[in-house]
Every structure is written in C-alpha cells, then in structure tokens.
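Order of writing sets the labels: A, B, C and D. Residues in every chain begin at 1.
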Amino acid sequence: MIRTDLAAEAVGLAEASGRLEGVEKEESQVGGVTISRVRILDERGERAVGKPRGVYVTLSTQNFARTSPENLEDTLRIAAREIARLAEGKTGGGVLVVGLGNAQCTPDALGPKTAEQIFVTRHMARELSQLLDVPGMTPVSSIAPGVLGQTGVETGEIVRGLVERIHPSLVLVIDALAARSMERLGSTVQLSDTGIAPGSGVGNHRQALSEETLGVPVVSIGVPTVVDAVTLATDVLGGREDARQDGLREEIRRMMDDRQAPSMVVTPREIDVLIEHSATLLSMAINRALHPSLESEDLAALTGA
Amino acid sequence: MIRTDLAAEAVGLAEASGRLEGVEKEESQVGGVTISRVRILDERGERAVGKPRGVYVTLSTQNFARTSPENLEDTLRIAAREIARLAEGKTGGGVLVVGLGNAQCTPDALGPKTAEQIFVTRHMARELSQLLDVPGMTPVSSIAPGVLGQTGVETGEIVRGLVERIHPSLVLVIDALAARSMERLGSTVQLSDTGIAPGSGVGNHRQALSEETLGVPVVSIGVPTVVDAVTLATDVLGGREDARQDGLREEIRRMMDDRQAPSMVVTPREIDVLIEHSATLLSMAINRALHPSLESEDLAALTGA
Amino acid sequence: MIRTDLAAEAVGLAEASGRLEGVEKEESQVGGVTISRVRILDERGERAVGKPRGVYVTLSTQNFARTSPENLEDTLRIAAREIARLAEGKTGGGVLVVGLGNAQCTPDALGPKTAEQIFVTRHMARELSQLLDVPGMTPVSSIAPGVLGQTGVETGEIVRGLVERIHPSLVLVIDALAARSMERLGSTVQLSDTGIAPGSGVGNHRQALSEETLGVPVVSIGVPTVVDAVTLATDVLGGREDARQDGLREEIRRMMDDRQAPSMVVTPREIDVLIEHSATLLSMAINRALHPSLESEDLAALTGA
Amino acid sequence: MIRTDLAAEAVGLAEASGRLEGVEKEESQVGGVTISRVRILDERGERAVGKPRGVYVTLSTQNFARTSPENLEDTLRIAAREIARLAEGKTGGGVLVVGLGNAQCTPDALGPKTAEQIFVTRHMARELSQLLDVPGMTPVSSIAPGVLGQTGVETGEIVRGLVERIHPSLVLVIDALAARSMERLGSTVQLSDTGIAPGSGVGNHRQALSEETLGVPVVSIGVPTVVDAVTLATDVLGGREDARQDGLREEIRRMMDDRQAPSMVVTPREIDVLIEHSATLLSMAINRALHPSLESEDLAALTGA
C-alpha cells in the first residue's frame, strides 16, 4: 500500500521489515545537502526494494522555494556533478532530453517545464562551437512528448521513433515523482542510471524507458511533487501495532477506494511554485553538466533563465 | 481537527456528536442534483456548526469534469436560479463580483478564473441595453484583487476601497473552498447569503467580506477544490472508538505538524481541469442570474465562453 | 516582397499581374461564409501562384471573436464538411493530427493549442466503440512536436519517426498562417490536400510535411494569425504607379531590413483571444469530421470544450 | 498620424518640423546604454511635444532578449538608479506599485507581469526589517487592477479607491508603451515623473494617473512593446516629398481605417519572450531601487526571480 518512486525511501521501508541483502548504501554531506547513494546489486535487492538494479543518487536539502541562495547553489552544483558522472563517456553521439508528463496538469508538469529550458544545440552544434569557441560541443536535443491521454500514443513509442531517427548516444529522462513522505516534496532530487520503470511516476503515463527498450543508456532525473492519498493514510497508521493486528489497513483501503482516492494526491498548496523552482533547478543542472565549458552566466543568457 | 468550509458537512459532523439546535435543514432532488438547504437560525446553531447565521445552499452532483452534458446543464440551471434568489431585490444599484484567491496557485485560482469570465456591463450599461434591447440591464463589474502575499494589502481593504467608490448594491464573492471529504471536490457548489468568514477558504487570504464590513449585502459562491491533509488523516481514523480512547489523534496531529502538513492539501491530480470546469460553470451561472433577459447563446458569444 | 500563405490571396496577386493559366477557381456562399475553391493543375499554375499543385479551400467570414453564434456554427459545419471531404477514404488506418508551432509564442501557438483539444481515440478505440456503440471508430492520435529552436530536431524528423512507428493512413497538419491582408486575421480558414511547403507559416519552423516526405496523404489546415511587416508596408504602396517606377520599393525593403523587420509581425492587439477562438473552432471541426457518428454535444463533453 | 508614447521620439519628430522651444535635452552614454534626459518646461514644450511637462528619462540599449549579461546588468543598474532618483524623498509613507494592462493579452501584459514580481513588504514591514536587520524598510504594495473591458470599472477609480485607503506617499505605475520605430521594442525603458496621460499606452485602458488625480506623486515606468500599424505605414512614407504633395497620406489613412487597422499592432513574433524579459528587468530594477539595503541575491531569493 505504501507507494514511492524514491529508492532511498523504499530501502528504508525494506530495512524496517528485516535484513536487507543485495543492496549497498552510503551517505555523505556537503553543506546543507545530504547525498545518499544506493546500489541495487542483484535479484535479492530488486525484490526487497522493488526497483531494478542500478545506482540511485538522492540529494536531500531544504525546500527549493524557501532555502538560501547559497544552499540552492550547492544543490545545483552537486546535481550537475552527479548528472555529469552518470553521463560520463556516453554523450559523444549526442544527448536527447525527454520531459515526461502533462504540461496542462500542474503536479505532472515538471518534465515538460524542464525540457523547455534545456539549451538545445543539435541543430547548430558546429556554428555554436565556433561562435563560442568551444571545441567538441555536445549536440543536445529536447522533447516533451505529452502523455497517452493527450496523444493516443504510448510515450515510449514516440521516444523510440525519435531515437531511431536521430541516434543519440544517451537519453536523459525527467519526470515528476511520488514520494512517501510529505517533507520530500520539492526538497529532493533523485538521479539514476536505470531509466524509468513502468507504472511509477505521478501520472502512470509510461512504459519503461530504459537501455533495454531504447537501445541506448538512459539516465533518469526526478523531483517528488506528490504523495498519494492512500500512502499518506496508510503511513499515518503504519507504525501502530494494533493497526496491523485488527485489519485497520484493509478498512482504510476500502474507504479510500470508495472515494476515488487512487487519483487523489497530496501536494503543497503552492504546487505551481514548487514545479517552477524544481524545473529551473533541474534544467540549470543539466545545462551545466552537458556544457561544462560554458560559464553559468552565459548559459543563463542563452536559455533566458 | 476536522476542517471544512461546507455548511452541509459541518452540520453532518455536528449531528454525529449529539442533538442539534438552532439549525433547520431540508433536502430535495432535481434530476441528478441534490439540493440541501441549511438555515443557521441563532447563536446555538452558530456554535454547533461553527458558521455565522444565514442560509447555505449546497448543490451536490457528479464531478463536473466527468458528468453528462444533461447533468451539467441541470446543475448550471439550478445554480443560476439559486444565485438569482439570493440576489433578489438587491441588484438595482449594480453588482460587484469579487474573485478571491491567487491566480498563480492552481488550487486557489477558482475566484480569479471565474471573475475573468464574468460579462461586465457597468461601463456600458446604457449603450448595451439599447443595442440588445434589454431595458434595465444590471450594471455588473468584476475584480480579482489578488492575495495578501502578492499585494501587501488585505483583500478586504481593496474591496472596501472599491465599494466606497462605485457603490454597488450587492457584492458577489467567489472562492475556492476546503472540504472534509474527497468526493466533494469538483462536484459541489455552495451558495450563501453570509459572505466569507475570516480564516476559511483554501488560501487563508481573507478578512471577513460581509454586509457588516462592506455595508452592502454579500452573497458568496464556492466550489471545494481541496481537502487539507490533516483533515484527511483525522477523518480516516475518526470513526474508530479506540482512536478516540488512546490518544491516536494527538499522535497524528504531532506527526502532521512536524511535516509542515498545515500547508499540504489533497487534490485530484487533474486539479487544473477541475478549476477550469468549475470556473466556467460558476461564471455561466452568474451571467445567467444577473442577465436573465439574455439568451445563454448570446451570453456565450458575448463572454467568449 | 508580398508574402502570403493563402492560395486565395496568391491567386489574386497573380491575376492582377496578367493572365493566369493552370489554375481553376470557383466561389460559393453559404450564409455568412464565402467558400473559395482553387485548383492548381500544373507547373504553369505552380509557378504563377507559388504553391504546389492541389486543392485549396478557403472559408472567409467575420472575425471568429466577434461574429454571431449562428455564423460561427455555419463556419464550423462547413469546415467539418470540407475536412471530411479532403480526408474521405483515407482514415481507415488511423489519423495522426500534428499541431505545428511554438506553444510559448502566442502568434505561433495555434497548432499546439488545437492539438490539445483533439479527441484522441487510438489507445482505446475498441473499448470506446463498444462503450459509445459506434462501430468502426477512427483511431485518432495527436502530437505537438514543438519547433526546431526548442527541440534541436527538425519537426519533419519527429513526425516521420512517429509515422514510421504508428502507421497512420492520413496525417492532418495544423499551422498558424501569414496573410497579406489584415482583415484576413482570425476570419479565414484554409484547407488543402498539399501538406505544408517549406519556408511558409508564421515561424519558418518547417521542412515540407507532405505525402512525398511522409509516405501517407497529408491534409493541412490553418488560420492566418499574422501579416508580416514588410508585406504590410509594401502592400500599402503596391497599387501606386509611381511606387513601381521610382524605386520606392527598394527603399522600403532597405528601411525594413535595417530595422530587423523580417521578424516583425502585424497582429491584432487581442492576439491571445484570436488564437483561443481559432484553436477551438479548428479542433471542433476536426473532431466532428473524424467522428461523424458522435453528437457535437457528446464531443464537447468528451473533450471538455 | 504618428503615434508614440516615447518622449524621446516625440521630441525627435518635433525637431524635424522646426525650432523647438520650452524643451531641454541631454544625452549620455554608460557602457552599452544611452541615457537621454528630456525636460518639458512650459506650455510651448507641451504643445510641441504633445506630453505634459516633467522629466522623461529614456534608456536605450540592445534588445533585452538578445544582449549580453554584462549589458543587461548595466541596464538594470542604471534603471534602478534612475527610479531611485525619481522616487527620492517620496517613499517614506510607502510605495504602491500599479501594473496597468491586461494579463490575458500578451502585448499588454507588461504591467501585470511586473507587478507579480514586486517584493511586497507593506503587510510585514516591521517583522521583515527585524528579520533582515534592515532598519526603515520601505512598505511596498503592488496591484494589477485589470482593464476596463475586464472589470467594468475605470482603472483610475480602482487605484484612487486603494490610494484613499492605504495612503502611500508615492505611486509607481508600470505600463506597456507604443513606439514609433520597431527597433525600440524590447530595448528601451522610459521613466518619468509625470504619471500616465489619458489615451496613451498599448491598450487605451486609462484615465490619467497623476499627482493631480491621485493626490500623491506618480512615477511611471514603461517599455515599448508595440508599434501601431498606422504609424508604421505612415512612417514608411513620411520622409518622401511626393507623399506629402499628392495626398498619399490621406489614402493610407483611408485604407487602414477600412481594415480595422486601429486595433492592429506590429510586434516581434517572439512577443511572449519580450514581455517576460522586460517584466523581469523592470521588477528587478524597482525591487533594487525600493530596497537598497538588500543584496540583489537576497532579493532574487525573496521574490523567486
């Protein structure tokens, strides 16, 4: 009943219910940012955590909309560094950035709003590298394919069609995530080398986008923007012994089902501000990671950020 | 701990905890719309229900975004009729429509989005009544004053300043509401002759807007767009005997406080669609109620709806 | 120097400068709507008019934002009928609607805003045809691929990639157009079976999207939303004998070039309203044309229009 | 027939047609920014230039959307300094920022979009000055009153009503302007101590907002966002001797009138970007001018810019 897209949370839950095998964890701290690194190593880890094997990096800090400029700059710098690491050696043939989600649905608009602010260079890489005197500029392209209910086409098919035509050597997927705990909203970035697994995310709008389905490496980046209402109610009761004993959970589930709770989400009232800040942070981190030879100031001018 | 702007819900809660005095209720059904009419008669009723005395009309139907065209037309027709009743005899000196809330914050944008679609006539009432051959056209004006955090001015002061200059004989206030139960979201309209009480509403952006503070009658109209997260968690446990006995409520309260839950709300993921549909419904109902001699088709053309 | 995407205007200009061969024209009137039908038959016609051979249907009426409901319904009905005619016999394998242009640039947002309101059925055609009891429902999909400056990828490549994966039997392209004359803005619909030619349109964002490049028939639909500033200035002087004689045109061209006029456009101040109304009109016409067995009322409910 | 809100342009036109009395001019250059200072001294100057007496400061530089970060920072710094000068000694009782125009009409949305990004302090000036350790923080409030066609109320009445209630010692009015020449669009800032004169501006949405009508000093700030189409056509022909001789001007006027040209404007195709950049520039300049003791970085964090 507990649903989370964050590996760090899923590992926490798995640990709470017993010994955890096939998983490595480490944690470090830089300024106000906690960096957690989870490695799911084998099938035992996959089963325990409920996520495919791979590396999951989680940056936790204060809410992006309310933190200090220094802390925000720290988060940005670390996010750019971690993206660069996950992408290392894979950008030579060009990077395709994919902003998943529905631009017309605020809690699900993180992907499209980030994709909009990416500094795209694929159509003018040669001219630009001369103009800016940057040899070997990475060709970057960016798309927001929309969601199944808007397009009538599985997002995976649109992305595959594009990958087959423009042959990037890396796909970078951005998506709004669901967390278990409210204080994660707008204060956490998750990066992973596993792509996006089916059925996860805010809008359930996805088939897998992974190296297996696309034929090129996939790095995924997300920020939690919602907690689902069933998870919240369950979580409130989760720690109680009597709840487990007397079937309260089943009762909750039934109440929530009756009330169309599956489509209900918990968000901050200022969800628009959260999305705006998160999209700016992610796009700036991606732009820095993919164009390390450009100054942040130039990038800001070039993208209008 | 349970928080609701709906008189119908507050009465239900009050009844559950004992005998209810100073309150009258009646309910009727028209097509797929249930009409509940609550009258809070005196101080006993005010205390029991937690709302000022007056009439509260609640229309309950299926979710506006998913119901049939027939049902939507029924809801619209009944809403227009009830607004006309509450406004009866008070429109002669002109009506000022006030859309409360923050246009930049989706769950709180119902008021501004409704105000935008009002057919305003105050600046051209004479010319229009000749052109459309409608004698005695009501002078209507409309404003979205923003919220304190945007303007630095209490909304009540902005509205009072305007009322003092243009002297309407009725103020019609629109606001997004908080409900207790999720199935109320986007499927309920509340109308009242009591104005807006301080501290209620989605964004807490208000001093009282009432006949007492503005000097003219105030009719308020709203649609619930959120449930607050504390209310949800409490409600899930509310019916349980043991929850009351063993201090679980206090425990929840504490957990939620820790997590900045007070600013967290439960909404449908498709909150943008909910706001869009609700604003169109309310503005069409208001336009029909204030301009009964115009055909709906003409109103649609005049307002671009 | 005169630039127009409207075949009807291009034919008018060609006629003014001499005998016109390889072109057929006819005109009819239904209520307040003038229907002009131009057929470019051969190379002579292509050269004279500057457009590829094919059929161009132009509906001219009053400004959509200011006309009567009756006239709007006439325009809608005729547009739906003409789309149905151009699409006749080609929809069996499914229709892909492509909304060209930049959603973030108001005068160029017609395509994306129309694509958003298309009733897509491809992902649920079977379930829907049972539910609505409509045998043989057309599978419709819809995409807004963005523009080169946003994505780094030629729009043509994105569309080709998608066509190759989902194999529609017809592509329907929507785009904002440039007209020569200001009174055309927001009052004209052009439909054609020729696709979109390179270099035309508001934003110059396109390679050809045509049967030749996509491998399936292409129908294009557009509404003029801008006049370019060079065209306006030239046009003002166009009829004057002395202007032609004394090199005034060259002088204008030079003045305009100096002033970065090529990127300047003439629009109504209310360009947002024009785009909104035009997108609603086009999407309703397309929805009716592709789903003739559904009532307009049901379509409105299904698409939220 | 030539219409411009820029005093610098109006002075240029007046000079071209003869000796100019009652007007002082000076010009200076800082980095890439030209600063022109026009003083209209008496009635002769008012008549010749067509603007009320007062000081008009014009900053001219490259297009905000395409210039270098250094140049943008220069423009911002100079704009903040000039606003501070015009406001000097008048902010003690608080400043009310008024964003004129229609937020739903892109070329006219500069005022509302700027007002949104103002750092308002009036409702928490005491707490803030302690928190940020800034003694004597200026109480700032901000409103976007909408336009007559949306509200049914003259903007002047709404502003007067508010001024009478909150008693600021200075009103700062922001508006989109009309220029004569296209290269002015998005590259010019005009500041003045004369308020806004009736009939000027993009949307004709105004009565005078001036010290005379509001009872407190008014500083106005604007950026040209449109050229009107009649002005463009006239201007193209303006320098030609024969145009004056043979009545061509009257002919143009007639043609333009027939074509509803009065509501047609010339803008860059990327009008949305122009508005976005200009609103950010103006709000940052105002925030710096009104809160000189805060670092720009803190202001950016506090306003989310």
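Criterion: contacts are C-beta pairs under 8 Å (C-beta built on N, C-alpha and C of every residue); 3 or more make two chains touch, one makes a residue touch a chain.
Small disclaimer: the values here were computed from a predicted structure and weren't measured.
Participant: Between A-C, A-B or B-C, which repeats the contact pattern of C-D in over half of its pairs?
Facilitator: A-B
Participant: Pick out whichever of the two, A-D or B-D, is joined by more C-beta pairs in contact.
Facilitator: By the number of C-beta pairs in contact, the winner is B-D.
Participant: Counting in whole Å, what is the centre-to-centre distance of subunit A and subunit D, each centre being its mean C-alpha position?
Facilitator: Chain centroid spacing, subunit A to subunit D, equals 42 Å.
Participant: How big is the gap, in whole Å, between where the Cα atoms of subunit B centre and where those of subunit D centre?
Facilitator: Measuring from centre to centre gives 38 Å for this pair.
Participant: Which positions in subunit A touch two or more other chains at once?
Facilitator: In subunit A, residues 104, 273 touch at least two other chains, as defined above.
Participant: Tell me the shape of the graph of touching chains, choosing from line, ring, star, complete and other.
Facilitator: complete
Participant: Within their complex, state which residues of subunit A touch subunit C.
Facilitator: Listed in rising order, the residues of subunit A that touch subunit C are 103-104, 116, 120-123, 139-146, 148-154, 157-158, 160-162, 164-166.
Participant: Which residues of subunit C touch subunit D once you look at their complex with the stated criterion?
Facilitator: Touching subunit D from subunit C are residues 104-108, 181-183, 202-203, 226, 229, 232-233, 236-237, 240, 242, 248, 252, 255, 259-261, 263-273.
Participant: What residues of subunit C sit close enough to touch subunit B in their complex?
Facilitator: The contact residues of subunit C facing subunit B are 65, 68-69, 72, 273, 276-277, 297-298, 300-301, 304.
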